[in-house]
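In what comes next, subunit A is part of two complexes: it sits with subunit B in the first one and with subunit C in the second one.
Now for the complex of A and B:
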């Protein structure tokens, strides 16, 4: 039981760090993709490709790298950040593109600078879409984070890997069920957040 | 007998596409459902009438994949149709697959079968499998035991030659193992007890396939591989001698379902002809051809069988 709590804690920590970094990198990247269509298109393509790299292959690349690679939680977090980028970048882009052109025109006509337009009109209007992207990224990351155990990164995947190796279904479930519950919980909470933002926009 | 299975996309409702199916009005949707149900029913009848191919599985490391391919090609040369499910997972996955009938054969090691699957280290493997309604083929000829592996530079610097020598480095060495070796009674816990070792650092557990990479890039100092691994020589690594004979023999043999011959005549005879055809050196060479020289598994196996003939 003690073990389970510790591993759940590790799991949540890995996901929290990875998704935070992905938000910090992904939202600006999505904004950039919206402003500079061509360069942004390339950036988007790259996140697409990254998404298709199998996790074990990714760890194979990461192990020999200094700083971001090696063995343990660090390469697992790096891999998770890369996997979480796509939904966040794409939803940011979609959110910005869906801003009504008349609203944008009105803002420009009122004399807003480019920066004001972005910060006080476009980003607030795109927030529900961005939060939706974060929700998808977080829920996926909770599931994907079980592969951290493949590089000695800890988390609930440890129980799953151990169970698979030891012909022990109970052990596998003791890792898989809490991970599933975490994912469902995160989904519920972030859906609330998403609705709250959407409602606020509706009143504005 | 072969039947033509109408694909779902030919059904009247399917033309609207997946999105349309949900949006379409009722008649369309029920037509699509009807089409799909009919298709599924047809599919079930057809597959029941036709003889299913034999399914060959393997574990998720190179040697097991090579041996799976070997079994598959051998069955094919006996005229059987074969479905390959290679690289499935660890011992657990393969064992439950063969017991449930999801696969019909895979290659297992006697030591692993006794300690990890049957959980009776002293029993007779063939008899125990028979009790479970499975068959254990005659051994293929090589013994792939666990190997404790270190970097050559460390071995020379610290004069490490046997597992007993690890006593000298138990306070500094960082071990890194796959999950199976960390957990198994014939793995790390038993080895430490048998040799009186007390390593200061807990082993880093990771995917088995990544351990060599971790050792080569100085992330860990001691790993547990298999004595027939092809990468040992090519990466400049050293196997420490098992001077107290802790590891039991791990003779490779085919675990197969009892109804193999009923499904395809001559199948088990074809597998029996593999008896004693691969010695340790040959297995290491085959592994190196795939791991070291990056050659195609099917081609390597084909070549091996052609040379045998």
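Now for the complex of A and C:
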């Protein structure tokens, strides 16, 4: 039981760090992609390609790399950041693109600077979409993080891998069930946050 | 400001889109406090002529002066805070309440909050959208006509030197349109120092709101007349507008 709590804590921590880093990098990247279509398109394609790499292969690629790679929690977090980036960048871009061009025109015509337009109009209006991206990123990361145990990343995957090695179904489930519950819980909570943001402007 | 400086002056303004001239060497002077309608068919260039004033469209050649200074010579955001702008679409900020929408420009100008609020409430009441009832509501819960009142209040609150309107009433049904035209006329006439430029394709609306009518066709000014003389003006396009 102690083991379970510790590993769940590790799992949550790895995911939380990875998704936070992905938000800090992804929202500005999505904003940049919106302003500079061409460079943005390239950035988006790169995150797209990263997304298609199978997770076990990704951990494999990271093992020989210095600084960001190797064995342990660090490569696990790096891989999760890479996976979380795409949904967040894309949803930021989509959210910004969906802002009514007339609303943007009105804001500019009233004398907002580029920065004021971004912070007081575009980003608030894109927030529900950005939260949707964060939700997808978090749920994906919780799943992928179970595999991180393969490179010594810790977390609930440790129990699953141990269970597989020992052909012990109970041990496998003791890792798999909490991981699934975490994913469902994160999905529920973030869906609510998403709705709360939408409701604030009378949409839902 | 001396007497011979117009509040708005077009000097040979041309706007090209590809090989087409949307605006073709337009020269015009509009004096402080004038109420001007830009009349024309769709594609005549009247909207482009309007957007050149607040820099939403940049001339391909020629220049536009406000108070005698080319607008290219100064930062646009500052200039735009002194120019009200109302479009056919209310384009309210969906994430801001009615009062917060109206408060946009005062916030950009750094007005104290009490002054902003007092002025917003006064304007909304004048436009018959009482702030007590509607102030904290969000745009989506308002009808088209109500949203457009908010847009007008948002454009007027900081007593702009110039008010630009691009067919603000043409998406509304006829009864509401007539009601808003009257409210709009009264609210803007009260501000005698505000220069009004009002784009429309509706002759009756132009004559109701403006005292000077400028007719655009194929990117050029084809008639420039007082509203009183408009009905007897001899230009064939004016005749067609009048007879329609």
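Before moving on, here are some points about what is shown:
Simple rule for what comes next: the second predicted complex is superposed on the first by the 202 of 204 C-alpha atoms of A that agree within 3 Å, B and C clash if a C-alpha of one lies under 4 Å from a C-alpha of the other, contacts with A are read in each partner's own complex, and residues count from 1 in each chain.
By definition in this document, contacts are C-beta pairs under 8 Å (C-beta built on N, C-alpha and C of every residue); 3 or more make two chains touch, one makes a residue touch a chain.
This structure is a prediction, so every number in the text was calculated from the model and none was measured.
By the touch criterion defined above, A:158 reaches subunit B but does not reach subunit C.
Legend: residue contacts after superposition of the two complexes on their common chain; A:64 is shown touching subunit B, with no touch to subunit C.
By the touch criterion stated above, A:113 is placed in contact with subunit C alone, subunit B being left untouched. In the superposition on chain A, no contact is made by A:45 with either subunit B or subunit C. Using the contact criterion defined above for the overlaid structures, shared-chain residue A:35 touches neither subunit B nor subunit C, since it reaches no partner. In the superposition on chain A, A:98 contacts neither subunit B nor subunit C.
Annotation: subunit A has no residue touching subunit B in one complex and subunit C in the other.
The part of subunit A that touches subunit B in the complex is made up of residues 56, 59-60, 63-64, 70-72, 149-152, 158, 161-168.
For subunit C in complex with subunit A, the touching residues are 54, 56, 76-83, 85, 87, 89, 91-96, 104-105, 108, 137-141, 151, 154, 164. Within the complex formed with subunit C, the residues of subunit A that make contact are 100, 102-103, 105-113, 116, 121, 124-125, 200-203. Only residues 89-93, 95-96, 116-117, 176, 178-180, 182-184, 204-207, 209-210, 213-214, 216-217, 219-220 of subunit B touch subunit A when the two sit together in their complex.
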